[in-house]
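One chain, chain A, links the two complexes that follow: it is found with chain B in the first and with chain C in the second.
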Partner chain A sequence: MTLQVDATFGRGGFNRHAAFEVAPGAVLGLVGANGSGKSTLLHTIAGIDRVRSGRIVLDGQVLDDGTEFVEPQDRRCVVVFQDLRLFPAMSVLDNVAYGPRSHGAPRADAHARAREALAKVGLAGFEGRRPDGLSGGERQRVAIARAVVTNPAVLLLDEPFASVDADSRPGLREVLRGVLTGSEARTVIVSHDPSDIADLAATVVRL
Partner chain B sequence: MTDTATTPERRRLTTNYTPVDRVFRGSMTAGALFSLVVLALIAAFLLYRGFEIFSDFGFSFITGEVWNIGDPMDTSTAVLGIGAMLVGSVLTAVIAILIAVPFAMSAALFIEYYAPKSVRTALTALLDLVAAIPSVIYGIWGYAVLLPIVEDWSVPLERWLDFIPIFDVPSGIFGRSPFLAGLLLSLMITPIVTSVAREVYGQAPRDLVDASYALGGTKWGAIRNVVLPFGRSGLVGGAMLGLGRALGETVAVYLTLNLVFDINFRILGSAGGNVASLIATKFGEATPYELKALMAAGLVLFLVTLLVNFLATVIVNRSRRIV
Partner chain C sequence: MTTRRRSRTLTLLAALAAAFVVLPLLGVALRLPWSDAWSLATSATARRAAWVSLQTSVVAAVLAAALGIPLGWWLARTRARGVGLVRSFVVMPMILPPVVAGIALLSVFGRSGVIGQPLLEWWGVSIPFTRTAVVIAQVFVSIPFLVLAVESSFRQLDAGLEDAARTLGASPMRVFATVALPGARPAIVAGVALAWARSIGEFGASITFAGSFPGRTQTLPMSVYELVSTDYPAALSVSFGMMLVSVLVIASLRGRWMVAR
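Up next, the complex of A and B:
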């Protein structure tokens, strides 16, 4: 019941190949230089981009093999984007509740789950604020809460430490550790700095 | 300590235009100013020709409901007011907007987010074609085709909804009504509003739309939570551009609305008018004094339309800057 990636991916004239497996509850680190295709690989796993060849399989179901393709909203994969992509017109609470609401949860239930997720990342009390009123680190935590609240099968974190200053990184590492501990999600963390994910990821793949 | 003997001399910044630069700059400036000059000349002309009316009637020219030229040899017997026509202009324009905007939004969203590429190209071209149809053609079609249909539907509508004052028609005379004129205007302005809406919706941040999908959202969820909030002010601007067009439309309203000088909010009844159709109706047989009154009416329409279009441009430009 793993996430299996054995695919060639890329955009335009850029091609890369990656092959790895991630078991439930495991964390895989993906490192590489700028432009090595780390974000593109995450987007391909999430369904935003498509494989050039090979396949991506989750729990025995083919997500993309060039012919079969499962739409992003049906993949149980959630991405924490490098540029976060919080919805500017929504409050923090509505941003975090977006995933459950999209999956049909009633508003009250979705908001309750969102409050729980915000408390887990240390942002209890921030529910009514807007993304543009938060610091970089706070926005990062909201993005993480928004991802984990849906209990995804696959959690994809794209450079989660990129928008956070050096002093705040230990705190964010603790938040991530707390979120990932006990989670059954197959987690892939991308970073251009291996030291950021050294104690989070059991396995590291270099692109 | 600074040695004043070595303090650098303040540099004079100048631009040395070549003769070709000067000619080019001059002709471009003249072109830009030309349209402003024409606008100012039109306003000045209307004000000059209509000033006597404003001084004779004051503000009652804008609020008065009666249009009676009286004795052509004695202008003091005239009672002139465009209040009913102004209300008619606004009423038909509002009906047009209320019908056009939902259709335009739907069309724009379909073209941008649902239509296959080949359909998108064809629909966009078709909308441009529809926008180019002359107003008189709309007017003739409205009179010949739409009028009987609206007449037939007005009777049961009035019967079901007469408890709402705007649908009540005590006279029982239907047909060439503000509703028909508004419906026809809505068909004319839908391409404009759709075009602006499409441009704005197409500029919605793609990364946020992708984020919506990546969180399990459907296409409608992405549209509702990302595209529509993003495009709100642009759509308002597009609606106001359509409103400006509807306020000034002449021929289509002239052919589909009976001119009656009575402030009328009964949209199904055969009575109404707008300022533009008033001018078109009276111009050919106007006495010199009545002609001045029509110029004054034209000035009022000119200023109202200018204001609406200016506000629309500001709103649309502001929504573009947010991108």
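Up next, the complex of A and C:
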């Protein structure tokens, strides 16, 4: 029941190998310098990029081994992107409800779940706002809510503290801790600064 | 000093170019029989032609959008060999002589054409010289404007948003409908307006493929063409009306077709 990564990934002339496993509810930290391929690895797990060789397996099912390939929308591997990628034309509520709606939830149900997720990250009352009217920390929390509301099998967090100023970091850390506690997702959290994730991730892999 | 002089020459040439475009437009206004213009432009012939033009161009713009938006999307997001070739063919109607376009359509939809013959033999349907033919000709000549406008807009959209949508569980169709289409909306509006305007002005392809039958296939440009030799003041009046429509389209777009870049 784990996420197993044993793959070479990268684009163009850039190649790197990573091998690790993450069990349900576990949090793996992934550290490495800028340009070490951390984001590319997350994108490869999510199915946005493809493996060069090796394989990515989830619960015994091959997601990508160079021949077999599960489309990103069928993986339940959700990314909180470093650049967040909130939908600029949608309200905060519609951003967070997007995943449940995509999985076929009726509108009212999706909205109810989105409200709940927003409350969980401390953004109750922000439902009608637009992403561009929010602070960096608030946007980051919307992105987290949008990801966890889908109950992902794999949660991939790319530099969650990068776009947040020092004052908001402790609050965001609490939000993340709250979200990860009791979650059944296999979580991979990426950072260039090991101290950022030391208290969140039980194991740390260096890339 | 040389730069000064050169720039003065350029200014002069630019003014000449502008005058070259503006003068004929003004010329119509100057020669227009103002007192009778309204009655001439709304004569029974002109009204019939206007009705045909309006009907066909609106249907053509809707069809161009329905077909052109998916094609623009495909051109923007496909990285396969041959995409450039497809694009070259799609923009061809822009530079193809309209009469040639009409001949080309006749050769396909005519009695012995690859589509025309089975249509006639199996269902007894003949397309040339009907109002449907007018619409087909208009779609043919106007669809490149729409495809180019929406393609460049899709291309400028952040593909990262589409990736994000997919990881959240959205099918490619849903990604297209919820992320790509709203992002390209300004370009779609501009593309539809341009395609519609091009359809309203279509003459060469339609008269070749559909003929100029009053009340059936005769559009405004065709009626102007016939009026030139029979009733010049009426031709001027209808032309002036069409010019006003063009000005309205350009004014309402306010340079937005520039998204094509």
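The criterion applied here is as follows: the second predicted complex is superposed on the first by the 207 of 207 C-alpha atoms of A that agree within 3 Å, B and C clash if a C-alpha of one lies under 4 Å from a C-alpha of the other, contacts with A are read in each partner's own complex, and residues count from 1 in each chain.
The criterion applied here is as follows: a residue touches a chain if its C-beta (ideal position, glycine included) is under 8 Å from a C-beta of that chain, and two chains touch if they have at least 3 such contacts.
Source: prediction; values computed, not measured.
*Asks:* Clash or fit: chain B against chain C, after overlaying the two structures on chain A?
*Replies:* They clash.
*Asks:* Could you look at A:Ala162 and tell me whether it touches chain B, chain C, both or neither (first, second, both, neither)?
*Replies:* In the superposition, A:Ala162 touches no partner, neither chain B nor chain C.
*Asks:* Answer with first, second, both or neither: which of chain B and chain C does A:Val62 touch in the superposed model?
*Replies:* neither
*Asks:* After the superposition on A, what does A:Val79 contact: first (chain B), second (chain C), both or neither?
*Replies:* In the superposition, A:Val79 touches chain B and chain C alike.
*Asks:* Where does A:Val70 make contact in the superposed view: on chain B (first), on chain C (second), on both, or on neither?
*Replies:* In the superposed model, A:Val70 contacts neither chain B nor chain C.
*Asks:* Between chain B and chain C, whom does A:Ala23 touch in the aligned arrangement: first, second, both, or neither?
*Replies:* Neither partner.
*Asks:* A:Leu207 contacts which: chain B (first), chain C (second), both, neither?
*Replies:* neither
*Asks:* Taking the options 8-16, 80-88 or 152-160, which segment of chain B carries the C-alpha atoms that clash with chain C in the overlay?
*Replies:* For chain B, the clashing option is 80-88.
*Asks:* Show me the chain A residues, by the header's touch rule, that chain B contacts in one structure and chain C contacts in the other.
*Replies:* Residues common to the chain A contacts of chain C and of chain B are 46-48, 71-73, 76-79, 81, 83, 85, 87, 89, 98-99, 102-103, 146-147, 150, listed in rising order.
*Asks:* Okay, in this complex, where on chain A does chain B touch?
*Replies:* 46-48, 71-73, 76-79, 81, 83, 85, 87, 89-90, 98-99, 102-103, 146-147, 150
*Asks:* Could you please specify the touching residues of chain C with respect to chain A in the complex?
*Replies:* 158, 160-161, 163-172, 174, 178-179, 182-183
*Asks:* Using the touch rule from the top, collect the residues of chain B that touch chain A in their complex.
*Replies:* Its residues touching chain A are 207-208, 210-218, 221, 225-226, 229-230.
*Asks:* Can you tell me which positions in chain A touch chain C when the two form their complex?
*Replies:* Going by the criterion above, the answer is residues 43, 46-48, 71-73, 75-79, 81, 83, 85, 87, 89, 98-99, 102-103, 146-147, 150.
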